[in-house]
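For reference, chains read A, B, C and D in written order, and residue numbers begin at 1 within each chain.
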Amino acid sequence: MLTEGMTSLVEKGHFIRAFEGALARAFDAGEVPGLVHLSNGAEIFELAVMNTLRPPKDQVTGSHRSHGIALALGVDPFAMACEILGREDGLSEGLGGTQHLIAPDSGLLGSNGIVGGQVPLAAGAALSAKVQGTGGIGVTFFGDGAMNQGAVLETINLAVALKLPMLFVCENNGLGQSTAASYAGGGASIVGRARAAGIAAAHVDGGDLDESLAVASKLGGWVRETGSPAFIEASVPRLAGHYHGDAEVYRGEKKKVVDPLDRAGDLLLDRGVPEATLREIKTRVAEQAEEIVERAKAQPDVSDRALSRWTEGGAA
Amino acid sequence: MTVLTIRDALNSALHSLMAADDKIIVLGEDIRGGSGIKDGQELGGVFGVTRGLAAKFDARVIDTPISETAFLGMATGAAMTGLRPVVEVMFCDFLGVCMDQLMNQAAKARFLSNGRVPLPLTIRTTMGAGDGSGAMHSQAIYGMLATIPGLTVAAPSTPADAAGLLKSAILGDGPTVLMEHKGLYGLEGEVTDGLPPVPFGKGRVAREGKDVTIVALSSMVHKATEAAELLARDGIEAEVIDPRTVKPIDSEMILASLAKTGRLLVVAEDTAFAGFADAVISVVARGGFDRLKAAPRKLTPPDTPVPYGRKAEAAWLPGADDIAAAVRSLAGS
Amino acid sequence: MTVLTIRDALNSALHSLMAADDKIIVLGEDIRGGSGIKDGQELGGVFGVTRGLAAKFDARVIDTPISETAFLGMATGAAMTGLRPVVEVMFCDFLGVCMDQLMNQAAKARFLSNGRVPLPLTIRTTMGAGDGSGAMHSQAIYGMLATIPGLTVAAPSTPADAAGLLKSAILGDGPTVLMEHKGLYGLEGEVTDGLPPVPFGKGRVAREGKDVTIVALSSMVHKATEAAELLARDGIEAEVIDPRTVKPIDSEMILASLAKTGRLLVVAEDTAFAGFADAVISVVARGGFDRLKAAPRKLTPPDTPVPYGRKAEAAWLPGADDIAAAVRSLAGS
Amino acid sequence: MLTEGMTSLVEKGHFIRAFEGALARAFDAGEVPGLVHLSNGAEIFELAVMNTLRPPKDQVTGSHRSHGIALALGVDPFAMACEILGREDGLSEGLGGTQHLIAPDSGLLGSNGIVGGQVPLAAGAALSAKVQGTGGIGVTFFGDGAMNQGAVLETINLAVALKLPMLFVCENNGLGQSTAASYAGGGASIVGRARAAGIAAAHVDGGDLDESLAVASKLGGWVRETGSPAFIEASVPRLAGHYHGDAEVYRGEKKKVVDPLDRAGDLLLDRGVPEATLREIKTRVAEQAEEIVERAKAQPDVSDRALSRWTEGGAA
């Protein structure tokens, strides 16, 4: 990837971080109806995957933790912020909320409140692309915890059996809520489990931008060229709580991890991008994010009006 | 007009719609049948409803592994992205293994997108006791399914309605569960040429009468009609209303019949508590209280799983005699 | 008498029963919490109900992968073979992913064995809207669950009932789903020392009155009581009945109240069609027709998924004002 | 295994075959309420597995195709025949039927109508044994088709994560109803999928009695000794239709397979058991089976009375 592209990617990463930071502050100020699950630590990897996609021909589904995925796909941050705050001009006028972000025009078929529930849906996008010959692919993001859910395990096999153009992306952050991935997965390798189901699979350090770009483009390309499914397991850190506000007492002493955003920044410095540029980027996106979330906060809550369009005619 | 069985009416509707719109796909277990096995003749589904489709529409007719969650979800995702999938879930008893995809994914996506995402998804499934299939191949969970916001649930009793409701489901915008009674597949009936769609939410007066209103669905319509003939000999004229769709329910037609008869019996094959019968009684008690001349009644199976033994199963299912007896006591009250 | 929150009452009941019977095990996601992580302090469940159990009962307190089908089924099998498992399913919305194990396995096994196999299984789960959790973390599917033959379904509104119903479930012989309202965990109330079991099928008169009967469950009991206080200012005395168990329903208590008031309003948080409200109206229309002075009414959320935005969610949920208004129009009819 | 033991095992195999043959005839005569799924081809393998079990400490669950498993466990054939015919003295007085055989006293926790539904239940038996320290194990039988069902895939992982003393037995007969196992499983190896989940696993030719005995005792022993789960994939032929009466047109030309019962018989002949003894065994068990099913046919259907004990107090 050219330095320019990489700089823009890192900028997006910082924007996502800043956007979620602003959301977290909005939450603390009581402006968010529900709990928010932040992507802290996964931004760089998610951007690397999106880099190989061609939405809206490609359609992506994500888990409860999908703000980063949505922004990486290019979903309008203002419409997203409004949705997460439950306000006018939100993607669904506030009916869906943080766990139900839907923006197919940008390639986001949907995020989901049920662990693993989004995975079969992406198989549907893959099937659509296959039957209609669009050249698109279905992509789904899910966590290490979801890897133990029937919906995910069945769909891996289904995609192999039906030869679906589908990319599975498992973000292994070592935790499902308070439970260790190694415990819940019985110590078995996630990528190994996928591979045994007959799917092309690779593991990647999701904090390594170069490697992530390479693996994503290799496996994404495989899916597009062969029409067969592929699977990526990415190790990513969960830099914060399960949800914003989670005290994480259960986590004991946290291991020190280097923030993938910093690692990506170092790559840019290595390539000769001046530190000042990086600083400037961070400041700029922080302001942008802040401004967007502030504007969203100023929007009225019209979700009741949106609801009433669904209840006219009324309940039986 | 032609005479067709329910099986053939459904099959014919699938053939004609699939020929007209290549966005329609059909998928499920054994619905081609014999895939991967050379020289195998296709099964066309274990009840034969999808027979002949594979030969005509090949890639649009898809056998699946026994992975209901994955393939129902796949169909839902496909419906969100341009296709009109028709999924067969072999028995409605199996919806338990994929209930999340039904109740949380397929049923909610349109609402959660605030109407931006279409969801033309048809789920064909079978139901019904009476053939010794036991507790996990005989249920009729239409009441349970109808509790789910966002779903249309239909249960036809005739070949014309079966084909017509299937067409409405396939041509519609939202997710529909079509519950086909196993015991009715061979039932013959007249159908209009071209098998016109039957709208959801509109019932059918299966038999006119003035003394008592019987509301029944699917195979119970036939038992109710049989009971009505018995009752006619005693001078009791029962009106049999077949709502055809469980949800949306045709309250108007039911209440109109009540205005005439003042007496209500609901006959259902789903579970005894909080099922279809209770829903209809509630519609009438709330909306037709002044028209009721006597306490409404219901006739449902007891609140147990479907038993296997022949005598138990016969006792478990409401029969024409039970219906007639219930009407007699109702008419006399 | 002590004052406890619902959370603490449940926790206390678990502690005392587990100390008394080592056949009782507790399992679910994050119910220890922090397993596999060194020096982690235990979470005790995401709502804190199982706090402290791991430290006391170690191997009998089991964290599971996010595999509801596998662990609910495991608990069912364990109940068939000598243990008394208490499973936590974090939100009732997740029951969709393991509905087969609930509806076909846990609920049917006793019947299918003709009573030879015991099934002392308790499923604790949460429900309820009002905290902005959105469409898949807010449902209250008690009506849907109550359609399943073989299940007991309970939904307490007070700390005493929460502990008491939990005890009945754990000490009982059949599968029970205990629906704990997320919004009530912090609710305080007086409890009798020793937290005595509360029998299934027996309701509680939450407030006496003579003009109108309001039947409500769980958090709706509190809203109904609030409404009753508002109404009392206008001289309308509403009786609030809390059946406590959805199934078996205490028809007797409801009908007895009807004999006094002649007027019925059912308030429910589950879905609008074929849910708890329809079931209760059916009980009354069939069994108390002569006592009804006016058409029964129900107040439920509209037939949509639970919306996320604050205003929408508030509009969606029945509130005390809505209840009072419904009672006023009912009392005037 | 000593010749005597093996002869008795083969006799049981022939008895199962004859018993199901008699049931099939009862079905043809209209005496069976529902469809019956016969074990033809799997008897020898199932007997080999049961040979390592110690019921009722060990508890077994099975699929829709469980007559053979039940008989191999030693469930009373008369009570079974009565249940399958829906008659008095049936295991559940006819309430359950062919797909719901329950006889925990003999180690049969239950058979099941839902593909894969029985698998988590056996994990419960394993957990019970573990928590109560009985030394027993949980065992579950399921088909190749079931291997694609979430319940099965989740339970394999659960058993590894919780270290349950549980034996998974996948009978791969190449078909799920009319669908080829190779198609439905995407061509992936079943034993390979299991192994990748971290479970001790082996494949065996289920038509080879010696090998089946060895593998069953090895993996059964592993479960008992280590308290950890194990997995057996057995290739067995499906000698008849999916259910009795299935025309199997979809199957095309059937490959010729040698009947495992004949193979087991050959083993006995090799060991010097006279052919006449084998013939005598077959005749004897055929008569026994016939007699039992005839007696069952003569029993009255009292299932309505059994039902009424569940409905007293009545529906709400």
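Simple rule for what comes next: a residue touches a chain if its C-beta (ideal position, glycine included) is under 8 Å from a C-beta of that chain, and two chains touch if they have at least 3 such contacts.
Every value quoted in this text rests on a predicted model; they were computed, and no experiment measured them.
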| item | value |
| --- | --- |
| Other chains in touch with both subunit C and subunit D | A, B |
| Graph separation of subunit A and subunit C (steps between touching chains) | 1 |
| Chain pair with the higher count of C-beta pairs in contact (A-B, B-D) | B-D |
| Subunit B and subunit D, separation of their C-alpha mean positions in angstrom | 35 |
| Where subunit B and subunit C are represented by their mean Cα positions, the distance between them in whole Å | 30 |
| Distance between the centres, which are taken as Cα means, of subunit D and subunit A, whole angstrom | 45 |
| Euclidean distance of C-alpha centroids - subunit A vs subunit B, Å | 39 |
| Interface hub residues of subunit C, defined as touching at least two other chains | 64-65, 67, 69-70, 93-94, 96-97, 100-101, 104, 111-112, 135-136, 247, 249, 272-273, 279, 303-304, 307 |
| Per-residue overlap in subunit A, given as positions that touch at least 2 other chains | 93, 95-96, 100, 112-114, 117, 148-151, 154, 157-158, 161, 183-186, 306, 310, 316 |
| Chain contact graph, described as a line, ring, star, complete graph or other shape | complete |
| Residue ranges of subunit A in contact with subunit C within the complex | 32-35, 86-87, 90, 93-100, 112-117, 145-146, 148-151, 176-180, 182-186, 249-253, 301-304, 306-308, 310-311, 314-316 |
| Residues of subunit B defined as touching subunit C within the complex | 69, 93-97, 99-104, 107-108, 111-112, 135-136, 141, 143-144, 146-150, 247, 249, 270-279, 281-282, 284-287, 289-290, 292, 294-298, 303-305, 307 |
| Subunit D to subunit C touching residues, read off their complex | 59, 61, 91-93, 95-96, 100, 102, 104, 109-110, 112-114, 117, 119-125, 127-129, 131-132, 138, 150-151, 154-155, 157-158, 161-162, 306, 309-310, 316 |
| Touching residues on subunit B, where the partner in the complex is subunit D | 29-30, 33-43, 46, 63-70, 93-94, 96-97, 131-137, 272-273, 300-304, 307-316 |
| Partner subunit A, residues of subunit D touching it in the complex | 148-151, 153-154, 157-158, 160-161, 183-189, 192-193, 195-198 |
